[in-house]
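Each of the next two complexes has chain A plus one more chain, namely chain B in the first and chain C in the second.
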Partner chain A sequence: MSISDIWLFIQQGVLSGLVTGSVYALLAVAIVMVFKTTDVPNFSQGEIFMSAGYVALFLLVVWNWPYWAAALLAIVVTALLAALFQHVVMQRVTASRGAGVQMVIATLGFAYVLKGLVRKTGLGDTPRSLPSLVPQDPITIGQAVLTLLDLAILGAAVVVMLLLWLMFTHTRTGQAMRAVGMNSRGAQIVGIQLSSIRMQVWALAGVVSAISALLITPKILITPDIGHLAILAFAAAIIGGFSSLPGAVVGGFIIGIVENLVGLFISSNAIVVAPFMAIMVVLLARPQGLFGGKLQVKKV
Partner chain B sequence: MSRAATFSSDRVMLALLALVLAVLPFGASGYVLYVVNLLMVFAVLALGMHLVIGETGQFALSHAAFFGIGIYTTGLINNHWQPPFVLSILAGAVLAAAVGWVIGLLALRMRDIYLALATFAFGEAMQWVFLNWESVTNGSNGMRMRPAAIGGLQLVSDLQAYPFVVVIAAFMLWLTVAIARSRLGSAFRAVRESDVAAMAMGVNTRGVKIFAFVLSAAFAGVAGGMYTLFASFIHPESLGFQTTVLVLTMVVVGGLGSVRGAVAGAIIFGLVSELLRQAPSYQEIIYGGILMLFMMFLPKGLASMFTGRAKGEKS
Partner chain C sequence: MKKKTKLSSLALIASLHLLLPSAQAQSEPGITDKVIKIGMFSPMSGPAMAYGFDVINGARMWYDKINREGGIYGRKIEVVLEDDRCNANDLVAAVKKLTEQDHVFLLNGGSCSVAVMGAREYVERARIPLLMLNASGDGALYPPSPYLYGAFSISQHAVGGSMVQFAAEHLKAKKIGYINNDDAYGEWNLESAKAQVKRFSGVDIQVQSVSPNITDVTAPLLKIKAANPDVLLLTAYARPVGLIVKRAFELGFNKPIVLAINSTADLKQLVDNVGNKDAFKNVYIQEVLADVPGAPKLQWIYDMYKAAYPELAAKSGHPQPYMPQGLPSAMAVVNALKAAGPQPTRAKVIEALATMKFDSGVMAGPIEFSKQDHAAQKSAIYIKYDGTTMTRVPGSFKSSWTYQP
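So, the complex of A and B:
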């Protein structure tokens, strides 16, 4: 491999990595915001994302809805679904003094139910793509080749991130969510209603999941097992420190880039295992992730 | 809570279990024996996970990987040399334990969600190894395993494997209880309740954590070895996160920190997952529903129903 090949691969890997990484980053943000406000590591994130894709697919294919309406309803339905899960199930699990393990199992249960429901519809029997709003024309940046769709995905993801940032810093709801994340009891004392904020955070995570699904499914095929993608989002969240939103974004881009570079330089076979190696390396060097705060030691 | 009371009820349960297991081979069909063999493998897996999560409080999600190491090691040794299977199972347990030691080193640096995800990553990486190390594991085609042998006897049926599986499972159960009652068991629980307090009492927390991982991995390795006694084929697909989740479910729904719970959970969820195999279209919905309902209404698991002890107790 000559120097110029290496340089070409690096350009291509980084740019393609930014595109897929932006979707991992969105999902990682959804995971982190739920974890910060409710202490739940949401193992059903991938299936929520997958269900959103299938709701949109169902409306488009079976009911022949126009794209904008299908997309909108998919977002709303996913938000409601997530909020409902928090309100009916997780609220109850938390109330019965469920610890981390119990919460993880409850979310795993939700994941199984969602997957089973999607399989029941039969839509998932053949892998499909959602239609793309943007043509897949190739575009050359430096020496790397992307498609117009790739740029649209990256652009839309960045816009969503900015909107989230604005929401968390400039709106009362966003600030209330952050307050709950910092100190839930303190937030309660100043008059924030915990259960309603938590529902809103889950709903917001649902919205972000649905947008991610709409962004990535024109590019990759959707199957009932696509929730596996959330593992990469988890990897991203961990690398970022698991309780830091900017960390989740950076982690998402890192995972995307690592994945693509490994695919180009080593083998496409090794892509699957690359994120886990990345997690191990980061955690061994910095057990609290890149952006995580000090490790908390449980006192007696 | 009188200790004698639970002790004797345990005796009764054990006697009942032993009776069922003793009578079973005379009437049951091959399929039933296969399921019972499988349940005992799950019980040993659950006991191993109980040691690391229930006793020591280290949230590890890599159990399927150690199970796989046990299966492949034992199976490969049987395929090549046909030693008495006790030796090949021991080899599987030792290799699993050695890898468990390395993973235990991770636990020294991280806890809770980080540990869970690092071990999860390790589990996924191991499954990848099983799938892609084709010269050894035959990759995604799966691997055929020759019947295990001992003293000229080849175990070719579930019925022939059954007595050995029962004996090994009973031994592992005894070992778990013995560990729980020893100083080591107390050290495990001290670490679970608080690292700092355990250290202050003079517990070597680093050693204890690593040893919990080693033991848990060895148990999973033995479970893998037990599996080779009655199974003739292994596919990496069955060694992924789903298996880890199934075992985790057994331990948690059974009742975290309770040996009876782990065994009861293994029996019940082993049966549920086997029965649901008959109804694949509803399998995931029912299974997921059960998990959510249990966590909502009986988060301390089945064990809390029997003893009532967990009710007033802080987690």
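So, the complex of A and C:
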């Protein structure tokens, strides 16, 4: 491999990694939001993301809706679906003093239900693409080749992250969500309705998932099994510290870039294991994750 | 008196001798003087229905034709159907039911390679011949079992070899780029591709194996592009192939790209997914039928389907693309039963299958078995596809890979 090849690989690997990484980051943010406020690792995150894509696809392909209407309804439906799941299932499991494992199983069950429902739409297991709103013409940055769609994905993901940051820091709802995440009992004492906030968090996670699906599916294609993408988002969240929103964002970008660099400099076969190698390296060096704060010893 | 007894004994022996073959045949399950019962199974419902629903219909219409022509030595073929949903558990349950409850003479089914692998142990234990439908079924076919025959569409072990033959012979490629999946299918087709490369001096192969779940194909494609191959062969599944063709166009890769049969079930959707017909300027697709789908050479199959299933043929989406692949295995069953003679036994059918060779008129190459290889079909034709029109490349290209015990 020549020096010029290495330089090309680095440029292309990093830039392409930032694009896919931005979507992993969004999904990781959705996972962390839910985890911080409900203590549940949401294993249906990938299927919520996948369902959003299929709602949009169904409206576009079967009902021939205009793109803006299909996208809007996909976001609304996904938010409602996620909020409803929290209200109908998770809240009851919590009320019946369900253990963490029961809540995890509930999210896994939700994942299967969503996948089954999608398969009932008749769109089958054929890989499909949502139309791209942006032309897919290639553009060159340095020696690397991206497309306008790639830049739009990256730009839109960054805007969504900024909006989330503004919401968490400058709105009462966002601050209430953070309060529940820090100390749910304390938040309840000061008058925050836990059930309402948790529903809103799930709805917000649904919105973020739907936006991610609308952004990335024109690039990576969609099948009912595309929910596996959430594994990469979990890896991103773990690298970031699992309870840190900025950590989730950084973790997403790291995973995207590491996947490409491992594929380019080690082996294409190793791309699948790259995120887990990254987790191991980060956790060995910093067990609490990159943004996980200091390790604390708890009394038991 | 003694003479009379001797004569009647001789008459008895003679009549027993005459009756013996018939009695022998009828001691076999699923055979009477009038009927041969065949157990068929495929995914007839569920998400994988497209792989088997019309394939089984294709096979059945061949049996119906044989019945109209008088059957096999006067016996009509009676089919018992089961739905395996492309799932190993359902498939094994179907095979057991057909064998133990319906008492069929032989089995003719299986459209999903992984699922059909699950039946191997049972079929060997029950000593019942199983001729797969369109499953390539390499996992069940190697090492060969006397009871299992398949790959009537094409053996996955032949997919890669045939593509290399096409690339080296027709495209005159010296340096071949090859992207496969990093699973059993990928390993099998790569094994034959590497074996085929050895047949040509000065031909080199650069391989990248990717996960079927890959989301960003930049890395493998950039490495292939850096190796500057004369042609890129893709044996991955439909989603990775869609991503690779799209990314190859974005990265300015302009060498010929050849797509294996594994990714071409829905070409219109593939073009939609790639999003730009210019990406197909230099694309070839592998096809296992004898000609381009819809070509006059294959019209008789579609006419036969229309006559057999007029209501189904009137519906959109039918016949499904894989329908013709059901015929060769039904032809093999009929040929084996004919070769087994008027008093067929499972052993005679197996003996006939072991050396069977015929041209189905449906597939790209002959249907051919040997004692060492029970994969029926190893050839493919190639079609230049620009995103709209298909132009056949003359000739068919055969994999030379053989199983080495």
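One rule holds for everything that comes next: the second predicted complex is superposed on the first by the 295 of 300 C-alpha atoms of A that agree within 3 Å, B and C clash if a C-alpha of one lies under 4 Å from a C-alpha of the other, contacts with A are read in each partner's own complex, and residues count from 1 in each chain.
The rule is short, and it goes like this: a residue touches a chain if its C-beta (ideal position, glycine included) is under 8 Å from a C-beta of that chain, and two chains touch if they have at least 3 such contacts.
All values reported here derive from a predicted model rather than from experimental measurement.
Trainee: Looking at the overlay, does A:Asn269 come into contact with chain B only (first), chain C only (second), both, or neither?
Mentor: A:Asn269 sits against chain B and chain C alike.
Trainee: Taking the superposition on A as described, I'd like to know which of chain B and chain C A:Thr223 touches: first, second, both or neither.
Mentor: second
Trainee: Please indicate which partner A:Ala106 is in contact with in the superposed arrangement: first for chain B, second for chain C, both, or neither.
Mentor: In the superposition, A:Ala106 touches chain B alone.
Trainee: State whether A:Leu8 touches chain B only (first), chain C only (second), both chains, or neither.
Mentor: Only chain C; A:Leu8 stays clear of chain B.
Trainee: Touching A:Ile279 in the superposition: chain B (first), chain C (second), both, neither?
Mentor: first
Trainee: Given the touch rule stated above, what does A:Gly142 touch, chain B (first), chain C (second), both, or neither?
Mentor: Touch status of A:Gly142: no partner.
Trainee: After the superposition on A, what does A:Lys115 contact: first (chain B), second (chain C), both or neither?
Mentor: A:Lys115 contacts chain B only, not chain C.
Trainee: Just to be sure I read the superposition right, which of the two partners does A:Val89 touch: chain B = first, chain C = second, or both, or neither?
Mentor: first
Trainee: Applying the document's definition of touch, where does A:Thr126 land relative to chain B and chain C: first, second, both, or neither?
Mentor: A:Thr126: touches chain C, not chain B.
Trainee: By the touch definition above, which chain A residues appear in both interfaces, chain B in one complex and chain C in the other?
Mentor: 119, 269, 272
Trainee: Over in the complex, which chain A residues touch chain B? Could you list them?
Mentor: 35, 41, 89, 92-93, 96-106, 108-117, 119-120, 231, 234-235, 238, 242, 269, 272-273, 275-277, 279-280, 283-284, 287-289, 295, 297-300
Trainee: Report the residues of chain A in contact with chain C in the complex, numbered from low to high.
Mentor: Chain A residues touching chain C: 1, 5, 8-9, 12-13, 16-17, 19-20, 119, 124-129, 132, 136, 138, 145, 147, 218, 220-221, 223-225, 228-229, 232, 256, 259-264, 268-269, 271-272.
Trainee: Write out the stretch or stretches of chain C touching chain A in their complex.
Mentor: Answer in residue numbers: 47-48, 50, 182, 208-211, 213-216, 218-220, 222-223, 226, 238-239, 242-243, 246, 250-252, 265-266, 269, 272-273, 275-276.
Trainee: Which chain B residues qualify as touching chain A in the complex?
Mentor: Where chain B meets chain A, its residues are 53, 59, 106, 109-114, 116-118, 120-122, 124-125, 128, 132, 193-197, 245, 248-249, 252-253, 256, 281-292, 294-297, 299, 314-315.
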